[in-house]
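Next up: the structures, one after another.
Both complexes shown next keep chain A, but they swap its partner, so chain B is in the first and chain C is in the second.
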Partner chain A sequence: MKNRKIFARLYLYFILIILYVPIFYLIYFSFSSGKNMNKFQHFTLAHYQTLLQDNRLIAIFLNTVILALLSSLIATIIGTMGAIAISRVRSKKHKQTLLALNNVLMVSPDVIIGASFLVFFTALGIGLNFGSVLLSHIAFSVPIVVLMVLPRLNEMDYSLIDAARDLGANNYQVFSNVMIPAILPGIASGLFMALTYSLDDFAVTFFVTGNGFSTLSVEIYSRARQGIDLEINALSTVIFVFVLVLVLIYYFISTKRGKKARGIMRELIK
Partner chain B sequence: MGVNNMKIIELKHVKKVYDDGFVALNDINLEIESGKFYSLLGPSGSGKSTILRIIAGFSRPTEGEVYFDGKDITDLDPAKRQINTVFQNYALFPHLNVFENVAFGLKIKKMPLNEIKPLVKEALHTVRLDGYANREISELSGGQQQRVAIARAIVNKPKVLLLDESLSALDKRLRKEMQFELRAIQEKLGITFIFVTHDQEEALSMSDEIFVLNDGKIEQNGTPVDIYDEPINNFVARFIGDSNILPGRMIKDFEVEFANKRFQCADAGMKPNERVEIVIRPEDLDITEPEKGKLVVIAKTQLFLGDHFEIKALDSDENEWLIHSTNGCELNEPIGLFFDPEDIHVMRKHESQEDFDARLESYEGERDE
Partner chain C sequence: MSNRNKILFMIPYLLWIILFVILPILLILWYSLTNQSQQFTLANFELFFHNGTFLKMMLNSFWYAFLITFVTLLVSYPAAYFLTKMKNQQIWLLLIILPTWINLLLKAYAFIGILSNSGLANQFLQLFGIGPVNILFTDFSFIFVATYIEIPFMILPIYNAIKEINPVIIQASEDLGASKWQTFKYVLWPLSWSGVESGIQAIFIPSLSLFMLTRLIGGNRVITLGTAIEEYFLTTMNWNMGATIGVVLIILMVAVMLLTGSKIKRKKVDL
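On to the complex of A and B.
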C-alpha cells in the first residue's frame, strides 16, 4: 500500500519534470553569456538588455498584449450574452444543438480555424492586418467564454431574479444588480482564459496576419527559424512569467481560497 | 386594527393552465381583507404557491382577474405592486451583505442613503437582528437568513406580505419560535400576511383565516376553529388534524346512525336517510367503563406521546378508532367510548361551501352557539 503511494508520487514528479524541464532549461540559458545553449558560460542579464533595446520586439510585445486585452474583452461581452441566450432557450434539443456548435469550435484544430479564416477574409477582400487577427482571436475566444459562463448561469438561483423584481427592479436593474454579480466569477474566468488563449495563439495568427503586423509567438517562430538566439530565451522567459502571473490571478479568482483572499481585499479597500 | 375590514386583494375566477396542459388552478375566487393573517394550506401540487405567484405577479393567470385595492392588477409588473414576498429559499443576494440586501428595494427606488439607513435599522430591529447589518449572508444561520428575508420585504412598507413556505427549511424548535414571531411582526405592522404552507399545525396556530386547497380548488375557508371543528368534507377532515371518519346515515334532524347505532347529534338540514360521513376528533373521545360508554371498542395498540396516549381500537364492525386520552388503558380489553352530541360532525358528500354555510345558518341560529 505504502509502496504504491510512493510509486504514484514518483510518477507524478516524473511527469511534472518532463513537462517543465524544457522550459526551465530555456530559462536557465537565458541567463548565460554565450551565443548558444551548448554550455552555460556565466550569469548575465545581457540578453534581457538586448531585449529591452529591441524596439521592434517591444512593439510586437505591446501589439500582442493589446490584441489579447481587446479580443478577450470583446469576446467576453459577446460570450456572456451568448451564454445568457443559450441558458434561456427552453427546448432541450435546441439548447444541446447550440452547445454542440459551440463545443465544435473549441475542439477543432487551430490550423483548420486559421486556414478557414484566411479563406474567409480573402474571399471577402478583408486585408490581413491587426483587424483580421483581432476578428479571428475574438472568434476563437467566444466559445471559451460561453463555456465558462454557462455553468454559473445554470447554478444561479432564479428566485433571485424574482426577488429583485419583487423589490421593484426593472429588467436592466435585474441584469446589472443581480445577474451579473451572480455570474461574475464565470465571466472573470472566461476573460482570463480568453486572454491566455489569445496571448499564446500561434497557428490561427500565423494564417491571418500580414502587412507587417505580428505577435510574439509568430515573431519567435520566424526568428527561431534563422537559428536560435538567446534573446529568444529571454523573451520566452518573459512570456512564461507573464502567463504564470495570469494563471495565478485566475486561480485567485476561481477558487475558494481565492474567495477568502478577495474578502480580505474588499475589507482593505473599504 | 382588526376593525379595518377593507378588501385589499380579490381573485375572480382565476384559472391557471400550464403549457403541458396541467390545470394548476381551477376557478379560484378569494377575498383578502387588509390587516389579517391568512394561510393558504394544502398538499404539494394543490396550487397554493401558484396563487401566491399570481398575487405577486411572477405568473399570469390563464383566465380571470386579480384586483388590488379595487384596481385590476392582473397584468401589472411585480415591480409596481405594493406587495413583497419572502421566498421559500429566502433568495437573498449572496454577493451583498445584510444591510445591502435589506436596502436593495429602497436603493432601486433611488432613496438617498441617509434616509435608507434608519429604515434598514428599524427593519432589522423588527426581526431582532440588531447589529447584524455588516454580516455576510453566508455567515448567517437558516433562521437568521429567514429574518433578513423578512426584513428585506417589510422595509419597503408593502400593504401585503406574501410568505412562501417560509418556515419549512427550519428545524422544529426554530419553526415554532418563528411562528410566534411572524404573528407578532404581523400584528406590529398591521399589514396583511398571506402565508403558504403544507403544515396544518402552522396554519392553525398563526392564521386569522385559512384557505384549504386541493387539486387547484379551494375546498374550504374559514377561521382555524371553524375549519377544525366543522370540516366540510373528507379531504379537509383528514388534512386538518387527526380524525375518525366513518360512513353513516342521517335518520332525521339531530339524529345520525353509524357503527350500527343511533346517536344524538348537532347537525340538521339534510334529507332523511341521506348517506353521510361522520367525523369525531380523537381528543373528543373519552375512555370510560364499557357499560357507561356510547360505544364499546377493544384497544389494540397504545403509544405514550408525552402529553397524551394515542390509542388505536376496533369496534365490533372492525372500524378503527383513534383515541387521544390523558389516561392509558388495558390492551385487548373492552373499553367504553363516550362523546357529546356536539363532538359528532356530519359531512354531506359534495357539498359546496355556500350550501354548507347556508345550512349551518339555517339551524344554528335556533341553538345557543
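On to the complex of A and C.
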C-alpha cells in the first residue's frame, strides 16, 4: 500500500518535470551569454536589454494584448446575446440546429478555420490586416461564450423574472438587474475562455494576417524558423512570469471568494 | 422578453452564423469544385483519390493523430488516477494547467534547443555512453512534442471523470474479490470512459492541424493533411486543391464524430 503511494507520487513528479523542463530550459538560457541553448556561458541580462530595445517586438506584444481584449469583449457580447436568444427558442428542432451550427467552429481543425476565413475575406475583398485578424478572433471565440452562458440560462429560476415584473420592473430593468447578475459567472468564464483562445491562437492568425500585422505567436514562429535566438528566451521568461502572476491573482481571488461564500452560508444556516 | 427584443438579440448571432460558419464552408466547397479559372470541375477530387500521394498523406495524418492520442492517453490515464488520490489536488491541478497557458510556439521552440544534436536530450544520452543521436526533425520528435503539448488536455477530463466515481464502488469490487486488473477493466475504465472520450476528442482533431510542429520539429518531413492545406493555401497558392483536401478532412471529421457520438472539444480548461 505504502509502495503504491510512493510510486503514484513519483509518477506525478515525473509528469510535472516533463511538463516544466522545456519552460525552465528556455528561462535558464535566457541568462546565458552564448548564442545557443546547448551550454550555459556567463550570466548576462543582455538578451533582456535587446528585448526592451526591440520596438517591433514590443509593438507586436501590445498588438496581441489589444487584439485579445477587444476580440474577447466583442465575442462575449455577441455570444451572450446569442445564448439568451437560443434559450428563448421554443422549437426543440430549431434549438438543436442552432447549437449544431454553433459547434461547427468548435470541432473544426484550426487549419480549416484559417483557410476558410482566408477564402471568405478574399471573396468579400476585405484586406488582410488587423481587421481581418480581429474578425477571425471574434468569430472563433463566439461559440465558447455561448456554451459557457447557456447552462446558466437553463439553470436560471424564471420565477425571479416574473417576480421582478410583478414588482413593476420594466424590460430593461429585468434584463440588467435580474438576468445579467444571474448569468454573470457564465459570462465571466466565457470572457476568460475567449481571452485565452485569442492569446493562444497561432494557426488561424497565420492564415488571415497580412504583411502589416503580426501577433506574438506568428512572430515567434517566423523567428524560430530562422533558428535559435536567445531574445525569444528572454521573452518567454517575461511571458511565464506574466502568466504566473495572472494565475496567482485569479487563484487568490477565487479561493477568497469561495471562503467568503462559505462563511455566508454558515451564517445563514445558523 | 417581448418578441421584438428576442429578434434584436438574435440578429448579431445569426449574422455571425451566416457570415463565419455557413459562408466559409460554402466557399471552401465551391473552391474545391472549381479549377483556377473558376469552371466547375471534379478534377481536384479525381486527383486526390487517384493520386497515391494524397491518399498516403491522409493515412499518414490519421496514423500520426492516432499515435499522438494513444501515447497521450497511455501517459495521462495513470497520472489522472493518481491525482485523485493526492492531497492538495487543487495545487496539483493548477501546476498541470499552468503550462497550457504558455504559448505553444514557445514550447515548440524550447524543443528545438532540447532535442538538437548537442542539446539537453543528447547530453543526457551521453551519460549512458550513447553518442549524439539525431532526434530533431524525425517522426519521433514530432510525436513526442505533440504528446507533450496534449498531456494536460487529456489528464483533466479523465481526472474529472474518475473523481465523480463513488469510491464505494471500487471498494465493493475489491471486497468481492476482484483482482486489481479486473477492478480496472470492469469498473474503473468503463466508469471513467466519458472522460477518456472527451480527452480523445480534445486531442485527435487538433492533432491533424499541427502544421507548425511539422515545420519546426518534424523538419518538413512529416507531411500531414494540415501541413498540406497550409502549403496549398499559403505557399503554392493553389487554393482549389487546398480546399479539396479541406473538404475531405471535413467529411472524415463528420464521419468520426457521427461514429463516436461527439461532444465538443475544449482547448482550454476552466480553472
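What we mean here is this: the second predicted complex is superposed on the first by the 226 of 270 C-alpha atoms of A that agree within 3 Å, B and C clash if a C-alpha of one lies under 4 Å from a C-alpha of the other, contacts with A are read in each partner's own complex, and residues count from 1 in each chain.
Definition applied: a contact is a pair of C-beta atoms (placed from the backbone, for glycine too) under 8 Å apart; a residue touches a chain by one contact, two chains touch by 3 or more.
These numbers were taken from a predicted model, which means no experiment stands behind them.
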TODO: Determine, for the superposed arrangement built on chain A, whether chain B and chain C clash or fit.
DONE: fit
TODO: Could you say whether A:L70 touches chain B, chain C, both of them, or neither, answering first, second, both or neither?
DONE: neither
Open item on the list: Under the stated touch criterion, which partner chain does A:A46 make contact with: chain B (first), chain C (second), both, or neither?
Closed with: neither
Open item on the list: Rounding to a multiple of 10°, what is the angle at chain A's Cα centre between the Cα centres of chain B and chain C in the superposition?
Closed with: 100
TODO: Please work out whether A:D166 is in contact with chain B alone, chain C alone, both, or neither, and reply first, second, both or neither.
DONE: first
TODO: Would you sort A:D157 into first (chain B), second (chain C), both or neither based on which partner it touches?
DONE: first
Open item on the list: By residue count, which of the two partners contacts chain A more extensively, chain B or chain C?
Closed with: C
TODO: Would you sort A:N102 into first (chain B), second (chain C), both or neither based on which partner it touches?
DONE: second
TODO: Please indicate which partner A:P181 is in contact with in the superposed arrangement: first for chain B, second for chain C, both, or neither.
DONE: first
- [ ] Just the number, please: smallest Cα separation between chain B and chain C in the overlaid arrangement, in Å.
- [x] 12
Task: chain B-touching residues of chain A, taken from the complex the two chains share - done: 157, 159-160, 162-170, 173, 177-178, 181-182, 184, 263
Task: List of chain A residues in touch with chain C within their complex - done: 5, 8-9, 11-12, 15-16, 18-23, 25-26, 29, 36-39, 77-79, 81-82, 84-86, 88, 98, 101-120, 123, 135, 139, 142, 146-147, 171, 175, 189, 192-193, 196-197, 199-200, 202-203, 206-207, 216-217, 220-221, 224-225, 227-228, 232, 235-236, 239-240, 243-244, 247, 250-251, 254
Task: Interfacial residue positions of chain C with respect to chain A in the complex - done: 1-2, 5-6, 9-10, 12-13, 16-17, 19-25, 27-28, 31, 75, 78-79, 82-83, 85-86, 92, 94-96, 98-99, 101-114, 116, 118-120, 123, 148, 151-152, 155, 205-206, 208-209, 211-212, 215-216, 225-226, 229-230, 233-234, 239, 242-243, 246, 249-250, 253, 257, 262, 264-265, 267-268, 270-271
Task: Of all residues in chain B, those that touch chain A in their complex - done: 56-58, 77-80, 83-85, 87-89, 91-96, 104-105, 108-109, 136, 152-153, 156
